[in-house]
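Have a look at the structure that comes next, please.
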Amino acid sequence: MKLSFNTWVYSSFPVWVPAYPIDETIKRIAKAGYDGIEIGAATPHAYPDYTGPERRREIRSMLEHNGIALSSMLPAPGGGAGFNVSSPLPEERAAALDQYNKVIDLCADLGGNLVIYVAGWQVYGTDRRQAWAWSRDALGQVAGHARDRGVTLVIEPTSTDSNLVDDCDDAIQMMEEVGAPNVKLMFDTFHALYRNEVPTDYVYRMGPNLAHLHIADVGRSAPGDGRIDYPALIAALREVGYDGYLTMEIGYDRRAVEPDLMARKAIEFLRPLMS
Amino acid sequence: MKLSFNTWVYSSFPVWVPAYPIDETIKRIAKAGYDGIEIGAATPHAYPDYTGPERRREIRSMLEHNGIALSSMLPAPGGGAGFNVSSPLPEERAAALDQYNKVIDLCADLGGNLVIYVAGWQVYGTDRRQAWAWSRDALGQVAGHARDRGVTLVIEPTSTDSNLVDDCDDAIQMMEEVGAPNVKLMFDTFHALYRNEVPTDYVYRMGPNLAHLHIADVGRSAPGDGRIDYPALIAALREVGYDGYLTMEIGYDRRAVEPDLMARKAIEFLRPLMS
Amino acid sequence: MKLSFNTWVYSSFPVWVPAYPIDETIKRIAKAGYDGIEIGAATPHAYPDYTGPERRREIRSMLEHNGIALSSMLPAPGGGAGFNVSSPLPEERAAALDQYNKVIDLCADLGGNLVIYVAGWQVYGTDRRQAWAWSRDALGQVAGHARDRGVTLVIEPTSTDSNLVDDCDDAIQMMEEVGAPNVKLMFDTFHALYRNEVPTDYVYRMGPNLAHLHIADVGRSAPGDGRIDYPALIAALREVGYDGYLTMEIGYDRRAVEPDLMARKAIEFLRPLMS
Amino acid sequence: MKLSFNTWVYSSFPVWVPAYPIDETIKRIAKAGYDGIEIGAATPHAYPDYTGPERRREIRSMLEHNGIALSSMLPAPGGGAGFNVSSPLPEERAAALDQYNKVIDLCADLGGNLVIYVAGWQVYGTDRRQAWAWSRDALGQVAGHARDRGVTLVIEPTSTDSNLVDDCDDAIQMMEEVGAPNVKLMFDTFHALYRNEVPTDYVYRMGPNLAHLHIADVGRSAPGDGRIDYPALIAALREVGYDGYLTMEIGYDRRAVEPDLMARKAIEFLRPLMS
């Protein structure tokens, strides 16, 4: 198991500042000791439309130069463009699908092989089953493109923010309905806590299909500042043979934050528990 | 003086849900008794790229049918695309400028004539004066396009979120540096409170150049639930001859909200104070 | 629209005391001015096995004598016996089904015609779809018995406590899958708030199938002590032509409570809003 | 002195979820290092009516296989059926008595020899002395059956929930009035704290008749998270020659809980204090 750190807290998403350029962000996360970095597809880091071929080569080279792997990428849903795969607007659904393909390409171009799938949300007036079908079909389509690029898609339950794929069983059901070999599962401890569920239950339920993991404690705080049972989580991950990343997705929902402190606190707390 | 209501709390920006389609949103805000509506350029309402000519005619017709005016429009900065006019990335600056032009076109197509200018924010590593210059130049350029479409741009200090045009004097300085007849001022009481400043001071300082106004109390609550001196604010607005909208931009920073309640509480509190 | 009051706060479920006999409870709720009473199938009020034919006639007579209607009944899930229709234990599933039939009989014997269906919960190790199927099949079976007794069953989303039928769309889907004429819908504002959803959305979504309603504000407090938009809720209920009860299910999750105060506060707050 | 862990937090009582099957629960509590397990007579673990002879043999075998003793059992009072031995309803008193006999049988069948007696509660309208007499007489009757099965009954003061046997002296008085050799005493630190009493006072008062012990700190938290003086408690227990279990009954009053964490925290805190 390796440790990774998500870039939101260093980016302009969803809070505008503090924001650091991508080179500064990579350097700092690597310096904090992480094995991997999860790059969110948001400015000023790596919004696909702003990141041309030359820039992609530069970022890839920065990653190599700093000795840090690209653990994963994910889109930034919810801005003006939304990118809600379950939107009632056909234009938005098409744009969301297109954005996923762009993030997959960007991920592969940067040397990565894992992209997170946020399954969208139900807007008032849309039947839940219709929203689900749109999301499932979108995932089926992007899965084909992802396979061509050697990328695995992992479905994330996002109960805190959404109302469609909210928990472990929702994600499993969607994975099974899509039935593509490169569609797997992940979860975020923060969303499990929002539902008052037990993180280790998710580990055992997802088992061999668990391909990625977000770590955040109550209030998107760093591990150690909340109430999660980390020794049990790590033991459960070992038990199911998990060999992916533990990715910190923390501190990004507020302006009053020191990103480097978030990065440092998490690794200082978790490293000893993992050895 | 008229009352308007901003659509964020009914949209997927920045919180994904609750979210209502634009027709439902227009109907509800009109029913609450507002004279105008401020439409944010975000999904599922009116993201320019998702809103074709036919759809624009429909929305315009909905507004007329519901007897409500389009008081104003504004972009949705901060998603993956950022649309930060002061970004260190030239691609983002170009996209932001382009987005402003699109929002101006959309506003005019929908029968409106006022677009809010969010002046961007300074990313780590960018000199403040450089960020300022980028923002000012962008505003100068979009002002030309706005004039052609009969649209006024109003600069909003956004201290809570940004670090560039943070207060009254910043906005005045930028207006003067651009020096275009259709570039005016606005402020949001919420951002004034964030800086612990006095809203009426802003009214007197901006005076005849004050062309728009956002109302929100502490915690983005509705008027009456916070600490603002509304009688004084209304008196000051009268004193400077303000004849624009008082636009509620409230409740949109949280999921636990009833949008209709926000709309009704604000108008029930303010109407009696205005007559 | 009429007002009803649920008996939990006067019973030994789930908190043992304060607890009042059923005659005292009926008298007090009637005296507070309610049109109806919702009797929970718990001791010391009306646990089916403890309530013989003679006692049923007495209770029915008490209701008539106090001029109050039996708006509805509901079982008490979660004690030692559980009565979880989705339990992995076949013995418990059978007992839960049997208990529903007993509550239906009791309700009819007391002169009522509406029983609430709590759809159960998923125990660790049970697949969600299996739990759903068990619950749906149980509902289908008890619906037959309910029809014979002239009783309507209403499915209640219970997100705060459960993990199976958590929201509006879950309930709608289950109703449609069962497809029985006497299976309808209800919701509890408290559970809608737990999911940070908008109560009026539920009203419009359930529309003509909305046959019952629980009212409780944050913390199971009485209307007026929380954050719900009651005028909007009542207006929405009128709009969809709702003619059932607004049933208070409040204050019962704590020992430190005065049941009569709960009953009085709620009606004093709501009556003026309804006329 | 040995450590035991109560199963409520892993069961559907009184909070429905999280809930784990009995085999999973036994395995986890044993793995945490406990010498004993206290099994509550609730679903999905061991509700007597759901637990046939074959199942009893299986559970007994699970206990042996996991190397953990059955320290004790207790009924789940307060659901729809109540099982209040002091209920004004004769049907409920009979059912409560019957349930105690069933729990005693189940306990013996599973290899245990200690059942907790919750002395019921006074419903409004019942004279205290009458409630007491009903409870005492019930205890006298079940004590006979318990003796036949080799089971000791321990009276627990439950001030937080009830109003009849609330403290140390109430329990002593009832024990003496019943005067059966297999009726002894226990206490729960949580209930002593509720009355602002000193746990060691209970130890010395109960002395040689103290046959069982529940440990929980303020808010039903694990030892170490509250305010109890554990070294003094352990010293007092040694002084009176206590050789029973210290049984953790914690974390079960809320949904937001990780049962394994409760089990581990308690033992990690207490083991060092006991050696």
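Going in written order, the chains are labelled A, B, C and D, and every chain counts its residues from 1.
The criterion applied here is as follows: a residue touches a chain if its C-beta (ideal position, glycine included) is under 8 Å from a C-beta of that chain, and two chains touch if they have at least 3 such contacts.
Bear in mind that the values here come from a model prediction, so they are computed numbers and not experimental data.
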| item | value |
| --- | --- |
| Chain whose Cα centroid lies at the greatest distance from that of chain C | B |
| Interchain centroid distance [CA atoms averaged], chain A/chain D, Å | 45 |
| Whole-Å separation of chain centres (CA-atom averages), chain B against chain D | 61 |
| Chain centre separation in whole Å, for chain C relative to chain A (CA means) | 40 |
| Residues of chain B engaged with two or more neighbouring chains | 17-18, 255 |
| Category of the chain touch graph - line, ring, star, complete, other | other |
| Every chain pair meeting the contact rule | A-B, A-C, A-D, B-C, C-D |
| Residues of chain A that touch chain C when the two form their complex | 122, 124, 127-129, 163, 166-167, 169-170, 172-173, 195, 197, 201 |
| Complex contact set, residues of chain B against chain A | 12-21, 24, 40-44, 47, 49-52, 75-84, 87-89, 91-92, 95, 99, 121-125, 160-163, 255 |
| Complex interface listing, chain A residues touching chain D | 193, 196-201, 227-229, 231-232 |
| Complex contacts: residues of chain D adjacent to chain A | 17-18, 255-261, 264 |
